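The structure that follows is given in the form of structure tokens.
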Amino acid sequence: MGLINNSRAKSPWVVHFDCGSCNGCDIEVLACLTPLYDIERFGILNIGNPKHADVLLVTGTVNPRNERVLRNVYEQIPEPKVVVAIGACACTGGVFADCYNVIQGVDKIIPVDVYVPGCAARPEAIIDGVVLGLQKFQEKVEKMNKKAVGN
Amino acid sequence: MFGMLSPILKNGFGKPATRLYPFEKREAFDKARGQLEIDIDKCIFCGMCQRKCPSTCLNVEKAASKWELDPYNCVICGVCVEACPTKCLSLNKVYRTPVYVKENQIKIGKPPVKKTAAKENA
Amino acid sequence: MVVLAIVLGPIIGGLLTGIDRKITARLQGRFGPPIMQPFYDVFKLLGKEKFINNKVQIVYVITYLFFAMLSFVLFVLGQDLIAIIFVLTVGGGAMVMGALSVRSPYSQIGSQREILQMLAYDPLLIITAVAMFMVTGSFKVAEIVNYQIHNNTPLLYVLPLVFIVLIEVLSIKMRKSPFDISAGQHAHQEIVRGVHTEFSGPYLALIEVAHWYELMLALGFVAIFFASNWYIAATLVIVMYLLEIILDNTTARLTWKWMLKSAWGFGIVLCAVNIIALYFI
Amino acid sequence: MLDTLLLILIALPFIAGFICLALKNHSARAVVVVLVSIVLMITSVVLLGQGNFEYTLGGQWNTLITYLDFALLAYIAFQAFYHRKYHSLFAYSAVIFAIASIVMVYYFDFVMAHGIEVEPTFFADQLSIIMVLIISIVGSLICIFGIPYMKDHEHHLHLEITRQPRFFLYLVLFLGAMNGLVLANNIVWLLFFWEITTLCSFMLIGHDKTEIATVNALRAISMNMLGGVGFTAGVMILFSNAHTLSLIDIINSNHAPSLLILPLSLMVFAGLTKAAQVPFQSWLLGAMVAPTPVSALLHSSTMVKAGVYLIVRLAPAYADTWLSTMVAILGGLTFVITSALAVGQSNGKKVLAYSTIANLGLIIACAGINTPLAYAGAIFLIIFHAVSKALLFLCVGTIEHGIGSRDIEDMHGLVDKMPLTAVISVIGMLTMFLPPFGMLIGKWTAMEAASVLPIVLLLMILGSAITIVFWVRWAGILMSTSSKPVKRVIENIAFLTKTPLVVLAALAIILNVIIFQVYNLMISPLAKVYYTKAADTFTQVGNGALVNTVGSFTLWPIFATVIVVILFSIYAVGKAKNSVVTAPYMCGETADNDEDRPRFRAIADGWVDYSHSNYYLNRVFGEEVLTNGSNIISIIAILVMFIVAYMGL
Amino acid sequence: MGDRRTVIPFGPQHPVLPEPIQLKLVLEDEKVVEALPQIGYIHRGLERLVKVRDFNQMVFVAERICGICSFQHAMSYCLSIERLMNIEVPERADYLRVIWSELHRVHSHLLWLGLMADAFGFEAMFMETWKIREAVVDMMEATAGSRVIISTCQVGGVRRDIAPELLQQIVKLADDVQRRVKAIEHSVLNDYTIKKRTVDKGVISKEQAWKLGAAGPVLRASGVKWDARMIGYAGYKYLNFEPVVETAGDCYARTKVRFREMFVALDLLRQAVAKIPAGEINVKVKGNPEGEAFIQVEQPRGEVTYTVKGNGTKNLEKMHVRTPTFANIPAFLTMLPGCELADVPVLALTIDPCISCTER
Amino acid sequence: MLHNQTKETNEVQTTADKLFAETQKLADNGYRFIIADVFEAEDNFELIYQFGKDYDATTLRLTVPKGAEIPSISPIFFNALLIENENQDLYGLKYKGLVVDFGGRLYMSQDEVEAPPQSMAGMNVSLVKKWNKKADTAKKEG
């Protein structure tokens, strides 16, 4: 069990969902993968498939059309999972908060664990954000176990 | 045929380009825009910053001498800094760190000095 | 021996995968993950919540794992190559059926491509075995090894073209670019994760372990090309592995059509030429 | 004892067939068929206990057979002529072939070989006994399956008067003819039974009396009659060259091979037509239009097996000749071509048909390789193929009646609708291509045997890789299920339908477990008898391993692994109680979990049903693409075979 | 009986699509027989913000239409307002706008190349290109203070100046990038596997491209010599360059066009630095915009059009942006039927889609 | 008058019935369609269609009453389809003859936010936002 718990923080696989970002934060998320930042150092892989992921990176404003997608992607990530909202848009809606088709913040739709501010959020901040999220795994595991017992 | 062969071999024998953040941080650029700071003592709660902000993330309440920033809504454009008549706003070079819980940054200043108050009364 | 194979197989396989990832990162100018990363991944996956689509999936995964294990064990025991390849197809077939059992677009498309992939590498693998038989007079790994030790003629000398074909076969089997068409190891795929799409958590971990066994088996195939000297064989394996990694990093993913064409055209012709040449030596 | 057995095996089906014809009552007919079937099964097992034998009948029987032969051929000619309006080419050619046969038989029986006595009339070695077992057990099960099936079938057709009596006449009679065929030693007798099977297949294929059925029946009869002519010619040349009509005599080869080779090649040719090898595959495909029991019978235990039987039976006689090599190549070609053709088909029965032809090709290739190992492989394949293929055909028939389609694309998720049938079908499919099942062992044996003939080996390798394609995907989609908890349905299928399915499935599995016993008891002695000069087939059998001089197949680890997998699966599935059942991944647009079929949202937020089809790669594996070229290649190969034979190589 | 067609969703959450867009694909084997898009996953409705933000604030909203071509959006918006209000922008500001525009073009094309490589599973190339891009992005941070959204444009000019030393560094950067891109260009354009995946894929003829209203590299790769920069807005009127044209109209040609455009952009950077005059960088803006204006600007992906209408108050009455991707989607949709599933991402990437631009 | 980048565009006033024919004429003359815009007034829409040939632009301008049907030019210019669908979404215009009709669902998913009127009624511009409040209440309840 200890081995497994230790491994969790060493191998967080992320799935990135762009739910209406302007691409600014998007490309910064991708920039994290590139040689200069190389988040694979921490075992982070951009896995692309929610069913394999541990961490959901959300960028952008939520709108009624992608809200259901966001929810679906979130549901398809097995526990323990962590959600990181990246950028002003994902945290609160940013400059677009007042638009008619914008839901102000990802946390209105799914529980968010870490907020990464910035417009666009810098790659360093994103790395910090994921690392911060990893510290929540323990708590999440307990939640998961409780859920399993509940079933 | 294999065009990428030489670049990758070069990479392979060279040193990785990776900057080992967080163990190795680099100097911020001179012009870097990090986070918004206020010298609340200088603020006169004129509300100029609030009106100019494209993201409506500032809230200035003159009556309560309150200057409130939603840092998770701020897009770090620096318009408020330019607009502020007393130059009490500034952008530092350190970007804001991620958090678990969003909180607004609230600064309560001294009530505006009499001079301004007097002007307003007049 | 059996126990050793079962235990050491995945450990070495995992380590090799870790080294692969590190080297790949280096070739891309990155720092790369720690060597032990594959183990972290697997252990983490084991601790994840169990997500399934249906219970049959589990059976397929287990079949895949145990038959991959079995094929490696049989190899270590020096058994018949053709039998080993057949056992390997059970695993492959289980994977395909597992992916097909879920009504999920990418999983099912992935499995169709996986079938084509099997179609591409299966005959080549058997032909490789046949070529070895042509030289050594036996399909048994043990005999093939013995033959080389006794006659001191490594197979590589007489079967160089077949060896080249084996490189392609291994690329396909190890899901490396340009043949990562049914399920990529890391790269982004037009069919998401192909056959692996619907397997998650512990089941994905088992698949990963099974893949390590297969990797070991594949490298075993390489090793017996130079069984007369185990040091050279080891070097050969390492060189081959590096070659695969470099190939992976210098090519774009190609389509299944190209894969079939190259396997059935290029592969079979090369093997045939080599085998015909045997008659003249 | 022996005569009773023979009487039961050969004559009883004839008698029972005519009883069926006479009985107008469905249940009575059902009772007769079931009884005959059971009797046949028991008798065949008793025959197995009896062991090898020879049996001679008096000369008057020979005369009777001669006259019956004339009647038979005339009837065939009449039938073909009668149906000429459907497809004149096939009809007239069949008539011509039949008349030619009559002339030849007349010349042969009354001029060339008048009053020749052949001893023994019947004989049985292990091969014959195996064939009898297959025919009597598998064939009978199919007949039983036919009872409820035909009732249903006619129900669908809304027939006024039932045609079942005639149907069962030919169905049951077929078994008798087959038994006669595989037990005959006198080649004239063999030829007679051979023609009976031709007639039966004609009647059965055309049973539905639709235009397409009749056309296909005509095609079948014309091709088979062509083979019959070849056979007759072969017999004539054989007699004039070697003055013998006894099979035993030919096989044991007391004659110079050069004398035998031309007649043998003609007989092999007859075998190729009957086994529907390329380029004659079209008749067997056309036979699909017949009711499923017919297809099952034709494909598994009778008809095509007659062709294979003849080729395998004669194999020792032409060992070590070029003819043999050509036979191997022809078989290998058919194996590759028809396997590839099967990939392009979505019609379930067509896939089965092509796969049958492919496997027959493999068997024939084994016969052509003509070593003891290959011989063993051929017999393995004959046994396991018969069981598995019969099972699969019956499954498709059941499925067809269940869902109203025999198209593979309509069978997605069948396990939810017809769990028992689906599971049995999948078992059937797995036994076709995966270890540790017998077909695979046969294939392995064949491959190792083919290592002496690299070109054939190459064909086998390619073919066997291709077969995986269509089996895996078919089996895969049968077992695809919805992620919703499905209502457990208990399949409502008739007892007489279920029984054959279950028995065959059990047979398919049990035979694998006792494969060593089967080998030791039945196959090994055969190879020893016919290949005295060559080395032993397997140096060691039993203890879980088949070991030959070039390789070995250790079965016990596979069995062990299977058991481990089963145990572990039970454990893991049990543990998976708490796991979360999720909807499939649809790029984030998965529908809510309450629909049985997965859906997603697409253009303008509308719902779209997800659907998936297998790849058929018609631009590579389509019938149009492959058929012509492959026909030409194989015709050339057959010509080469004749040339080789003619030159007496 | 026996439907042999596969109907699948491609997107919105899909690893090869950096942005959410969905294609409903109908496949036969792997051949696409029908493709219908669903967009709207990024629609924010920001054009309507003109009602509540004044025209100065809108610069920053327009800039955030897209994080890749952000500066050019801000510039286009400013150009259109300046056109309405008849503002003459100082020459230095014009030059600075060119510099930042072209930096954006280079970074955008490099980014595209990386994503393209990712689309056909060429991870090493993705890493290479993004490594080079990082240098460009660093330059943006050095000159403007932020990596992607640089917020330096304003109505009437620019907000920040670039110091002379930095300008020299830009030239150095241009040389450096030129060298490194040249190396990559060689690898990419001669690679067997890449050629296999791009040559003769998604061919669009010259007439088709024009009629379908394709824009930017897609248009030019089909042999149409059309580049909005030739109109001569901002500083482009002072500089000389030729639009890049290729004729094959396939994915390979589009790749080539983008490579050559990068070199043109680097050249423009050098020219601009050489010619840039000293002086003011912005003028004071008085009054409110009134009237209608229609502006065409060449962005990395092609021509963007801004239509604005002012009514004399500080809020505009209408702003409408038509972006290059919006113009290229019809071309993309005509490329799809008949291609292979494996080509879908490649075709998608060759129009360099930017959905956030498209949907605004 | 529409201001183009460097010069004024040539502008043609037209009506809804003639739109299609005019467009066809332009198409025959080698023009391409660039974009269509909508300006909303009290009770009518003003539509402008931009066409381009080389670096020249031509504008078709027409006024239609609200609720009127407008002929789609997407059969002539396939690329008009997106903008026409967009206008259906955002302004509630009706086009007839669209090659692919998204039925007002190109961008929008929910009826509540469908085609927001120009007045932007219901938009909250202050710092304290409606969603925040909603979320807070939700948090308290759940």
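Labels A, B, C, D, E and F are assigned to the chains in the order they are written; within every chain, residues are numbered from 1.
The rule is simple: contacts are C-beta pairs under 8 Å (C-beta built on N, C-alpha and C of every residue); 3 or more make two chains touch, one makes a residue touch a chain.
Predicted model only: the values in this text are computed from it and were never measured.
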item: Neighbouring chains common to chain C and chain E, by label; value: A, B, D
item: Chain at the geometric heart of the assembly (C-alpha centres); value: C
item: Of all other chains, the one whose Cα centre sits farthest from chain B; value: D
item: Of A-D and A-E, whichever chain pair has more C-beta contact pairs; value: A-E
item: Chain E and chain F, separation of their C-alpha mean positions in angstrom; value: 23
item: Rounded Å distance, chain B centre to chain C centre (Cα mean); value: 53
item: Centroid spacing, where centroids are CA-atom means, of chain D and chain F in whole angstrom; value: 68
item: Centre distance in Å when chain C and chain D are each reduced to the mean of their C-alpha atoms; value: 36
item: Multi-chain contact sites of chain C, meaning residues that touch two or more partners; value: 25, 27-32, 49-51, 105-106, 108-109, 186, 188-189, 192, 197-198, 249-251
item: Per-residue overlap in chain A, given as positions that touch at least 2 other chains; value: 17, 34-36, 38, 41, 46-51, 63, 65, 68-69, 73, 76, 78, 93-95, 97-98, 100-101, 107, 119, 122, 148
item: Multi-partner residues of chain F (at least 2 other chains); value: 100, 105-109, 116, 120, 123, 125
item: Residues of chain A that touch chain B when the two form their complex; value: 35-38, 41, 84, 88, 91-95, 97-98, 107, 113-119, 122-125, 127-129, 131-132, 136
item: Chain C partner contacts - residues on chain D that touch it in the complex; value: 412-413, 433-435, 440, 444, 447-448, 451, 454, 457-458, 461-462, 464-466, 468-469, 472-473, 475-477, 479-483, 550-554, 557-558, 561, 564-565, 568-569, 572-573, 576, 578-587, 597-598, 610, 612, 614-615, 620
item: Contact footprint of chain A on chain C as seen in their complex; value: 21, 25, 28-34, 37, 39-44, 46-51, 186, 188-189, 192-193, 196-201, 204
item: For the chain E and chain D complex, residues of the former touching the latter; value: 1-14, 20, 22, 24, 28-30, 36-38
item: Contact footprint of chain E on chain F as seen in their complex; value: 1-6, 9, 27, 30, 32-35, 37-40, 48, 50, 54-55, 57, 59, 77-79, 81-83, 90, 100, 105-109, 116, 118-120, 123, 125
